[in-house]
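The two complexes that follow have chain A in common; it is paired with chain B in the first and with chain C in the second.
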Partner chain A sequence: MTMPASETPLLEIQGLSVEFRARRAAPVQAVQDLSLTARAGECVVVLGESGSGKSVTAKAVMGLLEGNARTTAGSIRLDGADLLADPAAMRAARGRDMAMVFQDSLSALNPVQRVGDQIAEMFRVHQGLSKAEARTRAIELMRQVAIPDPERRARSYPHQISGGMRQRIVIAMAIALKPRLLIADEPTTALDVTVQKGILDLFRVLTEAGAGLVFITHDIGVAAEIADHIVVMYAGSVMETGPAREVLARPHHPYTRALLASVPRIERPGARTPIPGGLPDPADRPAGCLFAPRCPLATADCTATRPELESLEPGRAAACLRITEVQHVLAQ
Partner chain B sequence: MTRYILLRVLLALSVALGATFLIFLVVFALPGDPIQALTGGQHVMSASVEAALRERYHLDDSLPLQYLKYMGGLLQGDLGEDFTGRPVSAIIAESWPTTAKLGLTAFALEIVVGIPLGLWAGLRKGRPVDYAVLGGTILAFAVPIFVIGYTAQILFGINLGWFPVAGTEEGWPTSYILPAVVLGILGLATTARLMRTSLVETLSADFIRTAIAKGMPRRRVIVNHAMRNSLIPVVTYLAIDLGGLLGGAVIIEGIFNIPGLGFQIFEGIKQQNGPVVVGISTLLVLIFLAANLVVDVIYGVLDPRIRYE
Partner chain C sequence: MSDPTVTMASERTPEPGPTAGAGPGRPSRRSVSPARQMLLDLVTRPRFAVPGTLVLLLAVIAVFPGPIAGFFGNGDPLACDLNRSGLPAGEGHPFGFDIQGCDLYAQVIYGARPSITIAVIVTVTSTLVAMALGLVAGYYGGVIDTILGRGIDLFYGFPFMLAAIVILTALGSHGIWAVSGTMAAFCWPTMTRVMRASVLATRKLDYVKAARALGASDLRIMVRHILPNAFAPVLVLASLTVGGIIAGEASLTYLGVGLRAPSISWGVQLNTAQSYFNSNPNLLIYPSLFLCVTVLSFVLVGDAVRDILDPKSR
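Now for the complex of A and B:
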């Protein structure tokens, strides 16, 4: 989807850095200089291994970071309003303009409150509806997210329903006030494949209805299924970004390529090359390229200089010092 | 829910049987002869009177048989008589209201002071209030109860003269406040600590994060989401503690010279007055079990995960 350049994006994160302070230890840099844009009606997938800072990014946008976390740089704009600079705007936006769907639906729901009441609470508090009205709306919403027999289900407690149903409840809660931005942090990771598919379909319907979706996952298959746009994250920073189809078909960055090669694919079954090594210690990050310790193409320069995210072709960018050589090799 | 309660009642009944038997065993298997103790070891009693007493209290039967006869009486509301012929039920009826007043006053203090203190500390985690509450509770745990009791007596009873030093002559509340504070201080400290820890833990739970993400105001997040969940362990503790408080407090009733159940047990043990000790102890076990039953029910009401298991 193309937008006129003048239009303000729904969500615009610029140069975001988040660190965690630790007692008697160097602060942990969880996110560094991260930029990301999400537009209405589009799904941006944030893709990266576990520990790469995806959840921290999501929590920063929602203003849900833990007490020991601090955003040290950057801005987060929702429809142009800077949420980091204006905590009141952040509070006002939560639930109403932006909402979040969490990974573990069991722990995300209040264990001692009926699920119907947890949805109805949105209407009661934000719109001042009566108990009965809010209940009716909650049941309507449950029907909308394809929960069978919603009248009965509404009276259940979270532990009494299946993981798939619970995640639908969490989604219903998130979309209750039709927020323009929806952030989903690995919403299907805890679910089995068939249930996963239903939830992904639901998200697709929501974006088609005009919501902007930031979808976080470490699963390339899921990303391929839902993404319009992909942001590849590694060790707290963006490595590569571009339209989903192109990034997945022709990855530029060595990390993206390694990531894609690390999962089995239908066209080459069994050929699975895990990336050697692990994420750098977030308290002791490489001075140069963050991926250098694991990169097969790393040179001395890579360990000294931190590459910037640079535009390669319209809509695509990568942070790699040797990107032209990589592309050259790829072309052959 | 009905099945759940029924199960708990059955469990409580079997525990009651086991516990009363144990008490019976311990008291009547005590070394020493109760008839001898009654007469101070002097042979002032004629052989026929002694035989009658032995007959009356089944002292020559085997222990299990004694127990069965005792339980038989208990089921008919007969707690027996002590060795001087006073019905145990009369002793209980006389001392129970005193103990109940003392225990309930202490219990009220635990709730009215302990819970708000814990909430306050929990909401101000890591701030001076939190540390002050922590320090106060550690002090309450560290100082032996009789030291607290005597200190309170000297300070508030003798030096300041705010409360009577001992006895129950001035009635409730004047005579009961000081002993109730001393009696409840441990429970109060435990309640505050439990409440604080439970609230802090709950506040970092995922569903609290969800409530904030839903845009719920802070007040609602705390009251509607955090509080009910964090009250579960506190209520459990309180209900169990109530069983203990209503069972009389041997030390406190001794220090403040309060003629309650604890006082009677103490006297009963001193005089090897088996029927009194067994009678009151059995009652205490039953109270304790009833309190536990109440806990289970409250627990089920507060936490649906347990209710439906």
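Now for the complex of A and C:
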């Protein structure tokens, strides 16, 4: 990927591979050779179907991979410091320098603790504030994420408040210590569209305030709403990356094009074209292009050779052997 | 924003104040803690209230046996007069006299204390041990878990009664602590397994991951996030165990390896009574009646606690 040589990006993932080890079976590659860069004040959306390795990538960055998952290659640098090489740095960075917002706010909150106390805990653990001070700060923070009547809400338990408000609480916890990097794993998926809008606006405000945001979603509408930069993932690999506007307006990779074509549209009901077939079995990935079995443009070459991510124009890259043909078709 | 708790016809009370009382339609208040709500549910449940009152009464008897034993005017269980050996019930002596000529009512009342003391000691220690070990084994897994798991298997290998008899005979001591220690040694393994399983289930949940993602330490995650969400099954098991421990203590004592003669205990009384059942059935009936009611009360309380903490098994 291209980037200005001068500044160190906030988050730089290079060549990350994650595999799951299975008993009595070959390890499963969940993420292969993934590279991603996030800068302060910018939102990078990782877009992909379920099972494309988006969440695994997020967990790898936070050091939250499950017992049988291992990062086998690559580096994850936060402000230049390699987190994979230094678990102590990873632990120190969690909460303070980077934080994560989970998808399901109901399960991401402790059911037996009042939400105000859960936010206040951030200040008590990391800054050693007194109970009263932490409480005041928690209520300030709840006001900041636009929770009405925060004094009263702070005394509620997670199951007593609505999904949108819970997600705001989860976000409040994540931003409590003003981390420079926020990772959001499908934070709006469980919410209805009106509530979704509010949460996206909140993220927008946070990036405008200077936070770097890695936003994971399968929802192209959400991606269009919030992304500065898009990384399209398929079967654990990056298919295409580039500035959001350009990727969505002029997708290069056949997969991105197919993905966009499969979005239901209000103005043209029934006009969407779903992608035929399904994700390749992660334990038995095709040798060539991962998308070749479902690609309308695939040739014999595609099933034999795995394409590399190649830069097309400044800031944009795609992994496709037939990219020139695709661009040619596009130009017409 | 819609709020699930307001959908039920709830009368709003402004303060999360005192208890609701027995009024119809329990008011739902938004900030009642789940623990307090459960306690409220428990206390207002008839299936808990009756055995609960009995257990409370037994606890009072165990703590203050003097005044209750003295209710009929002859409260000293050791004021014995061999001249009255085996006499039937009479004025001031509602249960009659035992073979040593002691007041049987006072003896039975004082007998509650060791039973309940042992039950409390065994339950509390084994629950605490189980919570600590289960938490560590379930949270860290790996080698610690394996070692602990095999240790527990070892304990499962012994039949409880036989092992307890062997240990108590070998110890040669028959005080409350020896009996409690022996029983606790066989109580914690089951509880630890239950706790471990529950921790394993909780550990995988998102809020535990979230806490870690936000920089909480292992100890904090275990104590603040896993323990409060994982201890319910052990609590249920513990409350169901109390009755069994009382019965077990009485059995050991009856067999002669538990508490012994100078101590006053239901087991000791039953042991003595077996030889005199034909001539003095009251010697057997009263202690066993108390024993049965006590065990039953604790078991029913345990059932009610399970219903509240684990509504699915109802």
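In the analysis below, the second predicted complex is superposed on the first by the 322 of 332 C-alpha atoms of A that agree within 3 Å, B and C clash if a C-alpha of one lies under 4 Å from a C-alpha of the other, contacts with A are read in each partner's own complex, and residues count from 1 in each chain.
Following the convention adopted for this analysis, a contact is a pair of C-beta atoms (placed from the backbone, for glycine too) under 8 Å apart; a residue touches a chain by one contact, two chains touch by 3 or more.
Being a predicted model, the structure only gives us computed values, none of them experimental.
Student: Should chain B and chain C be called a clash or a fit once both complexes are overlaid on chain A?
Tutor: In the superposition, chain B runs into chain C.
Student: Just to be sure I read the superposition right, which of the two partners does A:Arg23 touch: chain B = first, chain C = second, or both, or neither?
Tutor: neither
Student: Once the structures are superposed on A, label A:Arg155 by its partner contacts, choosing first (chain B), second (chain C), both or neither.
Tutor: The answer is second: A:Arg155 touches chain C but not chain B.
Student: Applying the document's definition of touching, compare chain B and chain C: which contacts more of chain A?
Tutor: C
Student: Once the complexes are superposed, what residues of chain A are shared between the chain B interface and the chain C interface?
Tutor: In chain A, residues 62, 64, 91, 94-96, 99-100, 102, 104, 107-113, 121-122, 125-126, 157, 159-160, 170, 173 are touched by chain B and also by chain C.
Student: Going by the contact rule set out above, which residues of chain B touch chain A in the complex?
Tutor: Residue list for chain B touching chain A: 205-207, 209-217, 220, 224-225, 228-229, 302-305, 308.
Student: Can you name the residues of chain A that touch chain B in the complex?
Tutor: Those in contact with chain B are residues 62-64, 91-96, 99-100, 102, 104, 107-113, 121-122, 125-126, 157, 159-160, 170, 173.
Student: Report the residues of chain C in contact with chain A in the complex, numbered from low to high.
Tutor: That would be residues 1-5, 16, 30-31, 33-35, 141, 205-207, 209-217, 220, 224-225, 228-229 of chain C.
Student: Tell me, which parts of chain A touch chain C in their complex?
Tutor: The contact residues of chain A facing chain C are 62, 64, 67, 91, 94-96, 99-100, 102, 104, 107-114, 121-122, 125-126, 148, 155-157, 159-162, 164-165, 170, 173-174, 176.
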